[in-house]
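Two complexes, one shared chain (chain A), two partners (chain B, chain C).
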Partner chain A sequence: MKDLSSNNKSIVDGPSRVDGKHKVTGKARYAAEHPIDGMLYGVLVDSTIAKGTIASIDSKAAEWAPGVKAVISHLNSPKIPGYDDKFYGLKVFFNNKVLFYGQPVALVVADSFERALHAATLVKVTYNKDKSETSVDKNLANAKLPGNPRMKDYVRGEADAYKKAEVSLEEEYLMPLEVHNPMELHAIIAHWLADDKVKVYDKTQGIKDTQESISKTFKLPQENVQVIAEYVGGGFGSALRTWPHEIAALLGAKKTGRPVKLVLNRMQMFTMVGYRPYTRMKMGLGATKDGKLTGITHEATAQTSRYEEFTEATVNMSKFMYKCANANTRYRLVQMDVSVPTWMRGPGEATGSFALECAMDELAYKLDLDPLEFRMKNYAEVDPENGKPFSSKHLDEAYKLGAEKIGWYDRNRKPASMKEDGMLVGYGMSSGTFGAFRWEATASARINADGTLVVQSAVSDCGPGTATSMVQIASESFGIDASKTSFILGDSALPPGPTQGGSGTTSALGSAVFDTCLALKKQLHEIAAAEQDSPLYQSKFEDVKFEDGDILLSRSKKVAITDLLKKKNVPSIAVTLESKGNEELQKYSMYSFSVHFAKVHVHPLTGVVRVVQVATVADSGKIISEKTAAGQMIGGVTGGIGMALTEEGVFDDRFGKFINNNLADYHVPVHADVPHIDTIFINKPDPIINPMGAKGMGEIALIGFAAAIANAVYHATGKRIRELPITPDKVMGAEV
Partner chain B sequence: MINFQYVRASTVKEAIGTLAKAGDGQFIAGGTNLVDLMKRGVTAPQKLIDINNLPLKDVKSDKTSITIGALALNSDVSENELIIKQQPLLSMALKSGASPQLRNMATVGGNMMQRTRCPYFYDTAMPCNKRKPGSGCGAIGGYNRMHAIFGTSNQCIAVHPSDMCVALTALEATVTVSGPKGSRKIPFGDFHKLPGQNPEKDNILQKGELIESVSIPENDFAKNSYYLKLRDRASYAFALVSVAAALSLDGQTIKACRLAMGGVAHKPWRLSEAEKFLAGKKASAENFEQAAKLSMAGAKSFGYNDFKLKMAPAAIVEALSKASGLS
Partner chain C sequence: MKPEDTSNEKPHRHIKHTERRDFLKKSSLLTAISLAPGSLIKAAEAELDEKFASALEQLPLSIEVNGKMQQVNVEPRVTLLDFLREQLQLTGTKKGCDHGQCGACTVHVDGKRVNSCLSLAVMHQGKKITTIEGLANGDELHPMQEAFIKHDGFQCGYCTPGQIMSAVACINEGHANSKDEIREFMSGNICRCGAYPNIVDAIADVKNGGQKA
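And now, the complex of A and B:
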């Protein structure tokens, strides 16, 4: 038999996920999976109008149904002290106003999920219905400058300079509404331990944020709110804040005096936990005949709710991505009778990059330049927005590596010129960027007498593999094998960690873990250096190394950490400290960059697009964990394929409701849609951002990707599809 | 979901008898659609009669036909050697439907009985004449991307979602059903009906009748069959438009031809005019285009599904080209 062992390697080398085994064997416990004695089950009743008032709620039949413990609505809800005039957002069960279709109007609590579900169908709600508006396109005239002062118009040099350029382009692009749809449904178990003390098991990307939000809403001391989120089954931004259903579960538990579990159903995942807002964009680009950009204009109009404003950095990439003296942006919002949008993977930057990176491709063709060459001609060596140097930028190298991998220069650049097995062949590329941050974070590190190292922080891991990277940072720092190192997360009682979003966890938390381990090593060395009979007596920290559980000066002069602790007769030594960036960081522009290359097949008759190859390159500083980083890139590209080809949340504006609010009708990509994806890392440490040199990774995997597909479809067919998703009917219907 | 009774039947007779007595009952086999409908409150039978133990799982052949038991699983039929060899069109259609997990549960009879996936049908807060006669049609004037362009009525523009049924229509299968009044045979093309003024009825099955089997008569299409399914993603999506094409060729001459479409009507849509036109003609791009054009007579779109007027003929040409080996 042929020996296949040499081919049996994983795609990427390196340590596997520390929690992988728990996840695939079912040992991992997600929010809804914690067994609690005496637990009740909550099911929400949602509004069936988009705008108006509740006329009546008849809950008698529900209350009389077997096993029902409470039916809560605005008529009988316990008062929430934090729902004062300063509270911003939807106040659940607060009054009779209906602000969007699917708004929770009542909560049924029963002794089993099935009984609660049935009783929820017995709650009869009548409404006084008002006319609702959910179409952005029909309400563009009502677009307004957001209240958020950071969203004001931006002008560098001359506004709309593209209009005077030798070669120019003005086009409109559409990003439809998209819904996060992580596999794990949002869920919470709320358990009041005393009148002023609560413990929640919650799906959240921000443990400390959730703790703070609950403590503010119920006016509780922060330490009286404990938030547990040991495992999170995907978030994509939907779990970055506290939502009304979480407050509803807390109310249910308060009212019944018993722990209450509440799990949203898939339809509620479309209305209760945010989405990427529908955004119409206009790009104006101008250049000289030889391809130097002379004007960039990016305008965006997005939807938001009437009760809360949501803004995101949709137009920001156009300010700094390319060297250009003149740039201006305008960002507007249309208030609709919808639930509030929120950040969704790559957030606004992913939306905006679709317009910018498609427009760059279009102008390149107008200029008869290779789109890659056009980008290099306008490469920004320093940040055009503020003149600051980049802390690190290897985008040029990323362009090169990606182009080589996909065979960019072997293609015929002419549109609709290549065929393969009866299919039109297209190659497309794009770039992406996202801010690299260094937030503050606190971690603790403890070395035990048995030689094991335990690092802790109050973060959650929605999938990127945070525990795995932190174990790698800690074990590398100490020279201790990863199997002896563990990272404990998912509990607000731990030292405060960052919210997992905005590609910031590895930089913030990794720095805290790095600094904490360093401080602990110094403390251990100090003990060793103070012992007169120690081989390290009076040695300097700079001269010692940590290896295999030893502190060593040279091969013969070393101390085992386990011996040191035994001699001191202590079970462990621990250090907790906060780590944050210094003012030096202000001197730099800090960004991660990505480059996406895609090859597509387009059926000449039916317009069906298949992505057949992807090469995606990340310049995100030093890669801490290659395997989990590659996983994030593959996940981002998969999300990008969805954005490019399949995903779109649709409203029936007559009713103001989602019409495809399930996973059969809202199409996320399936395996058959996803080809082989090559992930390439520049892997050069950023010398500025943090001690590891690691920049963020999650967002850039998606940002720009949809444009690479749209550009590839153009190359294959000669057709520009500027409205996502690129479904077969659009390709068939478009003019060449 | 309200409480209901659940019983198992072990013979066809027992199943039919139990249903006749039940008043408001329904058979359940794989349950891949019925359970969803019950969860969403679209249907609420008082009694479910589980027919999975009935001896209706076999695929048998005699000299003139292949007979498939109503309880044969979609996955088993699609992998059946006899089907792959003699009726590859059916295997292709089955494999393009749903997902492997669903095909492992879904039965042939259940596939025929599945309800439309129209979103207004599934949402009890929305108008739908099929779910609640007289309440109106949400899809007319609403989001109707997936909806019909042939045989619609002012009551309903829903489509039948099956791929398997499109192939069985093209293959001129026969359905055998049994009921309180005995058994009868129904040509497959007559099994499903158009919405007309009573869209609540999907097919001509009488109350209390049970599908026992489907027979496909022998044919010589095996070499030149193709099932084309156009959809919004590569797998696990309902057809925007699908075409079952089966040809009997003598060199480049079409001796006989069968064509049916999915995703365009309340039932699998047989393209008889195109079949007649192609019989005796050469398998050529021009003839296929002409056949596609003929097939579109009477088509009517509703806004979001306007694209089907262009996609349907393109799909017909492509399916015929693939079946004939032209592309």
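And now, the complex of A and C:
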């Protein structure tokens, strides 16, 4: 077999994940996999109407079924002190109101999973049903400005300036509802250790967030809530908040006085843990004849729930991605009888970039310009939204590298002009961006007498490889071999780490690890410099280096850290430190950027689209771990292939219910859908954002990708498909 | 698992369990106390009815898991997946859908890959099951496990045991002769993190390097 490896050899031969061995041997324990004596199993009963009230719940048969320990509903639920007027979100088992189809209305707790599952079918619930609305399209007239003040209309220069442009375009685009569907089902084990003390094993991307939200909901001191998440089987945003099923499990455990394990089923993953909202968009673009943008207008109308408002930055990218004096955005929401959406990988921008980056392609063709050239003509050197310089931006270089890799300039730009092996061939490109942040985070670093370095923080890792990156940062900054360095995470009792979302972990936590290691080095040096008989006596920190576990002033003047600890007769020395960005950061616009190039085959008779080649480029500062970074990029592209071609949550609006809420009917990409993917990194440190110069990449890997496919399909067929996903029926039905 | 009861006696299929238990449970209610014989109340309080039910509802099963013979009793409705995860604590085999749609639960039954969520434990009387926990030879990883680490064939790791079990079988079946063939014959194993190209590389690598049986 030729073409052995997708990744280049240096990546394959480079350092691997520190938790890899646990993951390939089945030793890695995810939330539902912690054995606890006396554990019970909880199974939720879901509502079978989308709107109305519960008329009655008959749980007798369930209660009498073997092994059943409790059936909990609003009729008998223990009171939750935190369910006051300020509580945001769905209050589980709170009253008889039904707000969406699939809402948890009862919990059955039994001594085995099978018994709980069976008993749940015996709970009889009757309803008074009201008419529900779940179609955004039918309710566009009810679209409203969100309550969130950050979402108000934006105007720079003149609004709707595209209408007066020499060349203009106005088109509508659709992002359907998408569901995260991480492979691990959301799960929790709730274990009350005392009346006011609880330990949970939970699927969460934010250990401290979960701790805080449970402590607030049950009005417990924060330290009385311990959250464990050693391994998290994917999240993509679905595990960024505490959901009703987690509270339900806590109630079940409270009521029975025993630990309760609750694992959602795949159907419940569609209704209980959020999704990317269905969003209709309108793009208006205007340019001069020679291709200078004169107006950008981006409008979006998205769905939200009636009981909680969810907003995201759908239209933001259009404010700053291209240089243009006139830009305006409008963002509206339609309240529906559905569960609340939530952030899903590339939240907002992933939706918005589909409209913007398709429209840019369309206008380029109208102007008879290469889409890449058109983008370069409108390249933003400074942030057009606020005039600030970018902390770093190498998007131009990214365009160039991606174009070379895919053979962009070897194609015939004319639509429907290329064929190979009986297939229509199309090339498409797009770009993406996402804010780069530096939140505060705390880490601790401990050097042991045996020379090993242990770094810790309360974070969880849903897949990107946080422990691997942190080991890399710690070992580099401390001057010690990675094999002697370990990173401990997954427990709220550790120093407070950031939530893993918004591509911010490496920046926030990496900085904390870096700073903590620096402080530990200083402390060790201080001890050495105070010892009269030390070769480092009275030396300055600036003059020493840390290498291979030694503190060096010169080749001959050095102290082994292990000897230092031995001499002081201490088993270890540790430092805990909070780290955050400074004021300086405010002077800059900080973003990561990505460029996606794709080649597709379109079957001329069936309209089936296959992605055959991808080159994706990340401009996200310094790359900490090449192997895991490449994994993130191909993962984002894979998500993008799903978004572009197959993923769509479909409702039957008559009943307000999902009709494809399983993995056989909701199509996520499988092996056969994903080709060779070239990942390219600019790998230039950002001089501003943090000491490593690393920016996030989880979101940009996906953001913009679907547009590259839509543009490639246009190039292959001459047809513009503006509603995702690009299924064969749409390709065959569209006009040229 | 109830190791104390390994009798091979067939349980009585025709007892109406529900009625009996209803009576026992009801009879433990205050309103029924005067009507119920004292010993019955005691039995209900000691949850003897449930213990009795457990014994009746379980079937004996001899099954070899990762080279170890297991003599157990198991309810006929328990899937092989839940049996492994909940009764044997072999949680390396994952549940991603419980409906045969994701492949996370892939194990080997007599060397063939099977979605363990789609089969009942009691169907495997006398069979040999291999799970991810039984693939390595002590501390020495199986070449497929090594290759997954080297090629970074995962991110979150949740689909990984299923991918690896499937991958080993894919080669043994003779379905790994090209990357396209690998993609086709691995398409029952979903990886939402999207590690597919790296997984394909890992399998191709093992295939090219020769795989130990």
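Going forward, the second predicted complex is superposed on the first by the 723 of 736 C-alpha atoms of A that agree within 3 Å, B and C clash if a C-alpha of one lies under 4 Å from a C-alpha of the other, contacts with A are read in each partner's own complex, and residues count from 1 in each chain.
By definition in this document, contacts are C-beta pairs under 8 Å (C-beta built on N, C-alpha and C of every residue); 3 or more make two chains touch, one makes a residue touch a chain.
All values derive from a computational prediction rather than experimental measurement.
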{"item": "Which of chain B and chain C A:P728 touches, first, second, both or neither", "value": "first"}
{"item": "Touching partner for A:V608 - first (chain B), second (chain C), both, neither", "value": "first"}
{"item": "Residue contacts with chain A in the superposition, chain B compared against chain C", "value": "C"}
{"item": "Which of chain B and chain C A:V637 touches, first, second, both or neither", "value": "second"}
{"item": "Contacts of A:E33 with chain B and chain C, given as first, second, both or neither", "value": "second"}
{"item": "Touching partner for A:V232 - first (chain B), second (chain C), both, neither", "value": "second"}
{"item": "Partner chain(s) touched by A:T25 [first = chain B, second = chain C, both, neither]", "value": "second"}
{"item": "First, second, both or neither for A:N448, with chain B first and chain C second", "value": "neither"}
{"item": "Partner chain in contact with A:N181 - chain B first, chain C second, else both or neither", "value": "second"}
{"item": "First (chain B), second (chain C), both or neither touched by A:V650", "value": "first"}
{"item": "Doubly contacted residues of chain A, that is, touched by chain B and again by chain C", "value": "114, 118, 664, 669-672"}
{"item": "Residues of chain B that touch chain A when the two form their complex", "value": "1-3, 41, 99, 117, 119, 125-126, 138, 141-143, 230, 232-238, 240, 307, 310-311, 314-315, 317-318, 327"}
{"item": "Touching residues (chain side chain A, partner chain B) in the complex", "value": "48, 114, 117-118, 121, 422, 603, 605-608, 610, 645-646, 650, 652, 654-655, 657, 659-660, 664-665, 667, 669-673, 725, 727-729, 732-733"}
{"item": "Interface residues, chain C side, partner chain A - complex", "value": "17-18, 21-22, 25-26, 49-50, 53-54, 57, 75, 77-78, 82, 85-86, 89-99, 101-102, 104, 131-133, 135-136, 141, 145, 148-152, 154-161, 164, 177-179, 182-184, 186-201, 204-205, 207-208"}
{"item": "Residue ranges of chain A in contact with chain C within the complex", "value": "1, 3-7, 12-13, 16-17, 19-30, 32-33, 35, 63-67, 112-114, 118, 180-185, 231-236, 263, 265-266, 462-465, 627-628, 630-632, 634-639, 662-664, 668-672, 674-677"}
